[in-house]
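In this document, chain identifiers A, B and C correspond to the written order of the chains, with residue numbering beginning at 1 in each.
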């Protein structure tokens, strides 16, 4: 079998505080195969976003962070890499899309300046003309009709949906192996979010990019992901293929989460109890979808 | 503009409500009552406040600030003579503030939480914790007496003769091509300018640090880090540039405040600027000269703030673009 | 409040600040008991002991008429602190009230009050205090007036900006909806939310009032002899540099220590209370 693009094993994360260590991740394992789109679903504070940041190596810089376990990228354990070679992967082999596109773009430079900086990661010393050419074709991929105008604008002059497309174009410009999408477009309104996600979906399929899709929005996950991991308070509580997991949730927490999806016909949003005993039940896997079986 | 009118009214009001008869003070205790009365009349001191202000504004528009009762010369001429020395000192200090304060702030913010940050914060806090005259005395003691590498006082050695063109020695010597005198003038200005700049350096560094630390929490910094942009570039282009916009206004205020603190440094280094004149006319209740001096300094202050506003609008694309649109 | 104090003592820097300020305040309060020559505050001369370098019992040395410098520095602290308290006690309420009115009421009130404030803010602070001071007789009371005149606009500007943003907040709208009076909203709803910023600024300003007051007297426009004052001591001593260095160095250091102490506490408060600059 081929090496998975990303393989996380028994990852733990704690933050050292005045009164001991606060545990955030309690040993999670997940993997993404080449071209696979995997969702990591959970409430805010469950440990979704920190996972993505550990993969990029951004949390390791914090003095207070305590990390154990392994993160393998294309078969290489990232902890064994020198900081410089690890840093070299960012923006080139792996990239990221953020929650709020407009505030994720530098407000004092036009889009093109930042786009060029992204392209420079893979191609240092790229000329302005060449960078512009590549930026224009990348923007065309995300269905932007006036690429020149967009490149010369500032983020605050563009709509949120437009910025989100710019972000997607930037994220895929260097043709990364792994795309980390952290609640992409949650700050946008629902229709715009759906449109841009469709675009992103089509593009990653075309490029065979592996995606770690982090979200609390189950509707979006169902639409977008091949496989789902459900995370609750730093533990993966259920994993399985998207269809099966949604049709037949096995873990009490997943069931509660699914019933919390607002439905137009229902009686509003039911509350999730803070910590019912059932939520801490052991990991539930769907047949043939445990880590061991999938990686065998 | 409204503010400048307000300033002139305020200063004028302060100058007129105080007790004591300026005519009597000018002529001295031995003058006859008639002489005092004549001078009062000549100075319009017998008219109402508004009329007096009216005379003052009319004269002001003609570039006439009246006669100084202390030097017996037009106040305008006095100020023109002393202002360049003060401005030269303040401008050099301002440059030091920017050239040293900003890099210190950036350094501190980049290494926030580390010993570098703590050291910079402590040193800059010390810088703002003493008035300029204390630093002037300390620096003089250290570098003019203890280690004798800088001159004790003055703008330039007597042995150097420079023809006055602009009144700015650094420029005049350059125009004359007299590099020996230029070097001498630079050598004289370093210590007083640094003493004046110290608190500004501290303010600028602290301000830039705190604004940058705040910016470092913004999503676009995280994005830049996630894409692996070099740390130096993130510090300069992603953290510093956006932080400069709110910092610049305050730095401008600090720069302008140096016009006031310059008085303190000039007194220590016997710098022939507005200070001695200002203090002398204040102590002698020389109304025209006080009003003129304060007005000119306030005008400089406003000009500096205008320049800063202009700079901010150049740096901040939001303002620049909205101006272009309108 | 108590919690804030506890945090202040935990952080080494703010602890140093607390200690410095504590020392300054205690020495000023108990000046009569800790100084060796309390009578040297006034116009005393002792020519047998004049201009002596630091030695026992004159640990800071003596001045040109033989007075103990340590005694005079400690009494100067007392005067600086009284000046600081009086100036802030007048400038803060005035500045805050004007700022609240301009920020909350808006319209013509806002325009008029803020233009007046701008006028005061557009004269360099020291120059404004100097001109007020110079035109009045140089006494301690007038010194307080001069510094107060230049100080209130800064509080107006601070509170104005806060009040203007608070005025759109939900709790203010809610109070308006239930028909609370304007005065109630200004002082009971908005003001409490400005307190952390005001407190922080006051702590920092206590140091800066001392600094400005000493600058005034340094120029000969402040407290007059024989009343001891740190600024005029430095000015007097600067004439006798470098031989009689103690005449300037100790009063200068005294200013630095007091202002530095207040700044350390103010800085820590800003972080604890989460106040922007």
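Note that contacts are C-beta pairs under 8 Å (C-beta built on N, C-alpha and C of every residue); 3 or more make two chains touch, one makes a residue touch a chain.
None of these values were measured; they are calculated from a predicted model.
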item	value
Graph separation of subunit A and subunit B (steps between touching chains)	1
Pair of chains with maximal C-beta contact number	B-C
Distance between chain centroids, defined by C-alpha means - subunit A, subunit C (Å)	53
Separation of subunit B from subunit C, taking each centre as the mean of its C-alpha atoms, in whole Å	22
For the subunit C and subunit B complex, residues of the former touching the latter	13, 115-116, 118-120, 122-128, 130-136, 207, 211-212, 214-215, 218-221, 231, 234-235, 238, 241-242, 245, 248-249, 252, 255-256, 259-260, 263-264, 267, 277
Sites on subunit A touched by subunit B in the complex	56, 58, 63, 87-92, 95-96, 98-100, 103-110, 117-118, 121, 154, 156-157, 170, 180
Subunit B to subunit A touching residues, read off their complex	113, 218-220, 222-229, 233, 237-238, 241-242, 245, 315-318, 321
Residues of subunit B defined as touching subunit C within the complex	2-4, 6-7, 9-11, 14-15, 18, 122, 125-126, 128-134, 137-138, 140-141, 145-146, 207, 210-211, 250, 256-257, 259-261, 263-264, 267-268, 278-279, 282-283, 285, 290, 294, 297-298, 301-302, 305
